[in-house]
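Chains here go by letter, A, B and C, matching the order in which they are written, and residues are numbered from 1 within each.
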Amino acid sequence: MQGKTLGELANHVGGRVHGNADLVIVSAGTLDKAGPSDITFFSNRKYEPQLKTTSAGAVILAVQADIATSQLIVEDPYYAFMQIVVALYGHREHKKIGVSPAANIAATAVLGQNCQVHPFVTISDEARVGDNCVFYPGVFIGPGVQIGNDCLFYPNAVVYDDCRIGNRVILQANTTVGEDGFGFSTHKGVHHKIPQVGRVVLEDDVEIGAGCGIERGTLDDTVIGTGAKIGDMVTIGHGTKIGPHCLLVPQVGVAGSVTLGHHCVLGGQVGVVGHIKIGNLVNIGAQAGVIGNIPDGSTIVGSPAIEAGNARRAYSLIAELPEMRKAIRRLQRQLAERDSDKVTNE
Amino acid sequence: MQGKTLGELANHVGGRVHGNADLVIVSAGTLDKAGPSDITFFSNRKYEPQLKTTSAGAVILAVQADIATSQLIVEDPYYAFMQIVVALYGHREHKKIGVSPAANIAATAVLGQNCQVHPFVTISDEARVGDNCVFYPGVFIGPGVQIGNDCLFYPNAVVYDDCRIGNRVILQANTTVGEDGFGFSTHKGVHHKIPQVGRVVLEDDVEIGAGCGIERGTLDDTVIGTGAKIGDMVTIGHGTKIGPHCLLVPQVGVAGSVTLGHHCVLGGQVGVVGHIKIGNLVNIGAQAGVIGNIPDGSTIVGSPAIEAGNARRAYSLIAELPEMRKAIRRLQRQLAERDSDKVTNE
Amino acid sequence: MQGKTLGELANHVGGRVHGNADLVIVSAGTLDKAGPSDITFFSNRKYEPQLKTTSAGAVILAVQADIATSQLIVEDPYYAFMQIVVALYGHREHKKIGVSPAANIAATAVLGQNCQVHPFVTISDEARVGDNCVFYPGVFIGPGVQIGNDCLFYPNAVVYDDCRIGNRVILQANTTVGEDGFGFSTHKGVHHKIPQVGRVVLEDDVEIGAGCGIERGTLDDTVIGTGAKIGDMVTIGHGTKIGPHCLLVPQVGVAGSVTLGHHCVLGGQVGVVGHIKIGNLVNIGAQAGVIGNIPDGSTIVGSPAIEAGNARRAYSLIAELPEMRKAIRRLQRQLAERDSDKVTNE
């Protein structure tokens, strides 16, 4: 890793240095672990105590702080931090191995330029792959799949038949795209499998975490919109549409035939029932259970999920239920005592 | 895809046409997306508005509706829809490739007739596989496993040693059957692994979704009963018995030594603690937490799960807890004021 | 399987026989399934009725019981049971196959003595593997990974670049270690990927279940401490530190930058938000949602999680909310009636 001066980094991110612009920054670290040749960042006020005591060479922040450490002041510190981590470390590099003879590529599959196809990869009949794709060992591309340019599939990622994958899509390891939707017709107590003839469409710049399952549609496609990022072990039901630029944190489950707008954020372990519509810019707190339509711009939490302002108070009051019940019983007793007093007095 | 007339389809499913029996149906679609050569279905009353405005050529329903669209009237529209999707599209076809020389098959393994074994599949010592099975790349069949006929294992599905798999069992991609149960004996602060010497038994017609983990038993087998269907990312604990024809929706977790009866339905993200007994025909709502035995025929929701009639009201009242507490405090104040009035008046 | 006398087993575990020390024990079983040549154990009082009626040849327990069955009395029955299961069955044996020519091993990778490397395994550049490791088919070891001795990776387990794995680490099938953390910087509505330059460190004697995802750190490593055992489908966020000897039951999700102490137990489906500190010896009930720091030795349940003593009562009172609201309304009515009575009487 070769260093850059704090001044160079400030230039790179369009920020201003307060302190030593000639300081050479070699690497990046967290507030509490960073050393004198590290740059760190401050954007979560929870870490204010660590800001005062950090040993970092420099810190990226939005507002100049009263500390001795050199500072790089920018509008969006976390974004600048991202740019600097890229500048210092780059993204993961992928070995140029070309197309391994130990991969299993159908004669009718079409591969673009400059792909890296590792051993034990399968590319099935009639699949079409764009340029500069990297497929690690164990990747399976089903028949008729179409994939854009610059995609990156980690080991054992699986894409079922006929799915459509855009450009710059990343699949982390052991993740599955396009498995059969959970669709059965129950007749006289027996569950009959409904052929799932829809596909999965992953638009450009989608990333899917490790161990996910994105069900193909029964009839309509399941769609993950441009730029959406999905964490580990998330499952998306058949026919659901996830809007552009949504963030789905690990272990979220969205049932089938749901429509999500753009820029929604779903916290960890959120569950969403089927056949509902969630608007744009909706925030859903971790572990929430969403059981009805949600308007644009809402923030909801809890299971069942309700508007956050009330919900945080309401759910925290569960802890006081024993006290509340006691209070009610005391009131009942007091009223009953008055009644008997009154009777006695009369 | 070759079309069929609405009359032919009605014959096929034992239904009655209202409208144009000669209409040629080529494909199937949802109420809002179907076009004039599509058939659609109506079984969820939520979609009544879409029924009035559908552009579908024909619609399958249970009761004749006052709409211009041609109708196919049957007792069980969703079942008829399933039959028609099969008639129009068929189930996924699997290429006849025979046994790939790039598969790794132990000399002592036995394979039935007409199996399709893809490259990079492993079939271990003493494994026995029936006829007409399809194993996609990356499938691993452990030592001593026994598998019936007509099974279908998608890429990277793994079956550990000695498990028993019935006929027509489907494993979706990246799913695991028979991994070690989560069984440790903690002694002086150290967790000692208990050999998990039970197996997993998957009976006939079981389907397991993508990314699941079905633990093998510690001593007794883990069993998934005939016809049970399990969604993505479900985990079943060691020694648990899932009864026949249960439906376990994605992300369900059932701990060890649980017994489930037949025809239970567990909603998404349901959790079930270990060592309990759940009866037959039990319905458990999404995200419920089940912590005790449940009698036959119950419908329960919530965490902790309680009987649904009360639960839906009870859990929705959490939102009113702040109001309820205010009301209690007001009552306390009012009573206290009376007391001081009374004292003053006396 | 060759049998041992009850006396021999008692010697082996340092226990005392009450009954027939010459009884030959061949296998182990549960209280209700064990037969006359089986040994069983009793440690969960829930199974007291089965203890009275067991057909087992012998039972391991802590306190001599008034039953006809031969007994092996030890301080820690479950630990003795574990030792006896190991004595009778041993742990799973792994075929000695050496290094398969059908594995793909980089020229610059270093392998220790006596490793079993199955076909379709990948060991990447500069990876270093200790002695006696077993890698099943589909295992992927990324560039620069370092692995100790006696590790056991089941089919399709994936370890990303540069991770550090100790000795005797077990990865169950289809599990992922070191995938990119869910780290994005959102700028003008677009989520930019932050290179995740930290690693995952799995210390000695860690076991990870099937289908898990352990994210690599953004800057700091993600660490799973010595002897920690993790169930199926668990996800651990970037930079989180799981202390030694923790137990994380299936489907737990821990977000990033969390610190867990030693010997914590997290029940099934527990969720933990990011950037918090959980002390030592903390017990967290199934499905709990942990949203703040937790002191040493706490037992917490519920979502949001609160101290267990109060919580179990509090959460069970949700079922009584409809009754409580009715009671409040009745009190309000009664008070209002008095007021009007008073007015009338005056």
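Here is the rule we go by: a contact is a pair of C-beta atoms (placed from the backbone, for glycine too) under 8 Å apart; a residue touches a chain by one contact, two chains touch by 3 or more.
Note that this is a predicted model, so its numbers are computed, not measured.
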Open item on the list: Hopping along touching chains only, can you work out the least number of steps from chain B to chain C?
Closed with: 1
Task: Same-residue or different-residue interface between chain A and chain C, half as cut-off - done: different
- [ ] Could you report, rounded to a multiple of 5°, the rotation needed to superpose chain A's C-alpha atoms on chain B?
- [x] 120
Task: Whole-Å gap separating chain A and chain C, where each centre is the average of the chain's CA atoms - done: 24
Task: Multi-chain contact residues (two or more partners), chain A - done: 120, 138, 156, 174, 211, 233, 251, 269, 303, 315, 318, 320-321, 324, 328, 331, 335
Task: Residues of chain A that touch chain C when the two form their complex - done: 28-30, 33, 44, 46, 76, 78-79, 81-82, 85-86, 89-92, 95, 102, 118-120, 136-138, 154-156, 170, 172-174, 207, 209-211, 227, 229, 231-233, 245, 247, 249-251, 263, 268-269, 286-287, 303, 315-316, 318-322, 324-325, 328, 331-332, 335
Task: Touch list for chain B against partner chain C, complex - done: 104, 120, 122, 125, 138, 140, 143, 156, 158, 160-161, 174-176, 179-180, 182, 184-187, 189-195, 197, 211-213, 215, 218-220, 233, 235, 237, 239, 251, 253, 255, 269, 271, 273, 275, 289, 302-304, 306, 310-311, 313-315, 317-318, 320-321, 324, 327-328, 331, 334-335
